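Order of writing sets the chain letters: A, B, C and D. Residues in each chain are counted from 1.
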């Protein structure tokens, strides 16, 4: 049984484990004040091309979202998110647990536009309603789509005019930036969003997200918030060492490129067989629509999520590739699928 | 410069890193449903000798405290803690941030007694005050002392009679259970407390605490609370693999025994030199009282915390030993100290 | 300018002010333990026909909703509400501020059905999502519709089978129970919902809602929650005296009947003129759809809310009647409207 | 049985009820936007002598404390309070329920000094602890003492130098400002504190506290916070009308003067009999220390709180006077006490 269930099925890229091995007995200060974390922060600032940003390492996506959003908002302020947004759907009310409503916007392809934001603002006009204040977007989104540079520019411009913060969940930022359709650089982001994070967990790290705070007004006392939310690891080195390795050269992007390439093979080959997709996703998640009986048979050999029912006979499944996906297995999968398509179509 | 600052200055015990290496490319389900976590839970249940307990792995102590305590309490209920308790002093209001007051009790040696609990109950008698409901203790405590079995029995008995839950922070449980003064077994704990955790971070793991929920009424839906607080790691295997290794044989206790032994050498040798201690702590934290000028000179070669001012000429310092403490350095330290004592006394 | 903006534009029914006058200098205990509050509770229990319910008086609707819902739910549990529900739209995130998500369900006429609840349950199936636990309904609803007995029975039955609590916001319960379409008695409610409240503020009291907790498991320590949320008035007598007066005889229902009768005149007479309505509401809120220019002219003499744009030429307005609405003014309004309809149609 | 239990045993001053009567059927906007509230705010601003302050009316003390403090603080920030402070002891954890720790300082006479604040700051030095940010004081305090002008100036000066806000709970501000020892004017307060409130409930109103926000940075969006906490009354007129009446002339101060005068008679006459006091309180709370058996006999005729045990034979009781206290009864009480003192001493 091979798993295409998610991009965190394996451990970490071997270079990361090696880095942990090599540094293992060096004594360091705790809570992110170790030399590796500091060095990793310096390296990332250089990579991003900005020295005035603040970077913190946290363990996972939900933790990063809840720590940042609750730090950034006052009690009556709300986040705006796509109805498919991770904070809206799959974080067990983590944001609300910190006291903040999420204004959910029905969207088509996982992405918010200025028109969506306007809709949220128009619906929240006085003190009997929460005050929309932070816009939560994911890149790549929960269904694999990405934001183009001009889309972000438009969002940013709308946000600036309307006293909104723009926050980008980058749990799968690697895959987004390495998409063939992408036109963003890491160094563009501080100009386009007020804060974002660079996801490690889903791109080859054991754990770890690098939160980048771009807007100066959001930096103050951030480590207090991290500690309060249980997000300051005693052995913060564990995060620093990993990011240091991921961005020492191009490893972070190489891993994402591999994941995307594996997804592209899946899409291309399925496309040749006239398979349709729930959404056109240029990253490491693929959502083919297949006959239910075929899905059942595929599940004998591969594990993946059945994402949604399309009609009484068909379902969209989700195939996720990663830095660790074995290309041979991808081709085996394609072979198996072709065979089954003949049988079931 | 050698550090006695804390017990999380190094990475992890090499066997743990090896275990991570060996399992690295095996595909597993996420969020703690991997085979390693399940196996580690089974192993721990066997070690504890109870099958009706529930075990969850979390990343760190503050996270475990806030997730458990907020899950266990209703909004108007409060925790009782020693004024030195970690949740009271060093977690940036993490418990209050989940909505709960901590009733602080002034104590002598870091430990709560039934008399302390009675004091808290007597001071909280009606609906204009919070309702004391959970007793938070640490073992070993924040100043290195431990609870004896009969002390816990008395606490437990008082708690049962007074509708209080007893929760043990075990960030340093290894050191407590391996203290020469200890008379508790791991298997005693489910009879003595309603929930406790087995600290990994401070005893050789990279990260990780194993929360053991003993009281059946506290188990329901606990994973929801973990996810909501950002405490469900996508790669939960990282925690499972470590605990599996720590309790595969006696590694967890061997590491704590080493830490304690190193502390004992420090205490014994300093005792021979008539050094006095702030507190008599039978675990891996040692609090000698030394002349300020001597402290300054020691700091040229060793790093440690200056814990508190004792008088205008003396301070108590904190020396922490761990699984990784080098015995040779301990003896060097003793040598250096003896020399300095001659100079400054 | 006469106001049809809401049902809290005036002070209180004169009998209530008289009761406050008469009791004014009697010394009483504070915080709802005065004789009037106790007597009012006894009287209400008799009226409801149940001695095993618990009754608390709170100041207003938002306060009652947030105090009750946060007391009833554990941190990971969520409320389900219609997208038009008051807690979802007009309470500035009061429920989320206590830590709980509201699952919003798109509805037609302000009302939830078992099918809606099933939709919410089907969408929340594991620990990565909040756990739906409390169903919030309003009677009458925010757009004036009411629940029939069999509709509540179906909801209750679904809730019982699915471990859901049913909570009824009764800010306008008087108007609902006095609707010509209503088939519910006050005494039916404890069998149909787990908790509800009897709104005073919008039916002739100065302030005050009587929260009735029917489910035994929800009663424990409720006064603690009230105090914590700032909802225990020092002079609780202010609430007790009012409810005592409202339910001493039929005053509460007489006031609601008057409000409904005034609304009925408005509907009937507008209906005769072929005016269409946004929703068919059998209580004290009326939502006629009128030409925008007519609305503008009406606003010269009457104040009311423009509820929503219907098309480029028409808007629905909201007219609210109350215990204090002057019947003569209602007829004047109808005359004016008829005149304007001739002009604008 | 006559009650000296508290200053909210009766209803409201008759002029207030008359004002409610007279305005009763006037139609007004809801939620504090009625003409009476607006007029009352204007009148208070004039009385305070500042136009740049912002004033909001809330229902009670706990509600005002929790709404203001949670609006003013960011999540990691804490309040500093005397261990006798109302928010620390008698509000069921209302502040913690909004997420904030209260740093409790042991004090002698209910009052905080700069030395106390320094102690709190010295104990909170890094991100592992909450950040002290708001100083909560009460005037008069919970045990009847008051702040002199120079004491407030010293606090204010310390706060300004240390980035602390100064917040004054004025539930009994009337009694404080009318104390014979007082040297403060209402108009001094905006220069001395960042926010304070003028308590109505304990000085002749049915309900109501007037929160005055002096620091410009604390004003933004305050009505959002009120609505979210259930503190915006639909019939806000109820609060406005009362404050309008209380400050139309000198009524507010006349009522407080009467309360203080009654307390002074009690103190003077008991002093003549050599009765000792737990604390020297120059306001409307008196704390005589009496033999237990005398206390028991007094309780046959008068109700009051037994405040604390002084020794095995004596207790301090609390006698509270108010605007409504009957002077004849005060003299009766003195007579009875003298008689009992002869019997028991």
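As a convention for this text, a contact is a pair of C-beta atoms (placed from the backbone, for glycine too) under 8 Å apart; a residue touches a chain by one contact, two chains touch by 3 or more.
Predicted model only: the values in this text are computed from it and were never measured.
The interface holding more C-beta pairs in contact, when B-C is weighed against C-D, is C-D.
In this assembly, A is the chain whose CA centroid lies farthest from the centroid of chain D. Centre-to-centre separation between chain B and chain C, using Cα means, comes to 51 Å.
Rounded to a whole number, the gap between the C-alpha centres of chain A and chain C is 42 angstrom. If each chain is reduced to the centroid of its CA atoms, chain C and chain D end up 34 Å from each other. Residue positions 75-76, 91-93, 97-99, 127-128, 130, 224, 227-228, 232 of chain A are each in touch with at least two other chains.
Within the complex formed with chain A, the chain D residues making contact are 31, 70-71, 74-76, 98-99, 127-128, 130-131, 221, 223-228, 232.
For chain A in complex with chain C, the touching residues are 75-76, 78, 89-93, 96-102, 104, 127-130.
Interface of chain A with chain B (complex): residues 2-3, 5-6, 8-12, 14, 17, 20-21, 23-30, 59-67, 91-94, 97, 201-202, 206-207, 224, 227-235, 237-238, 324.
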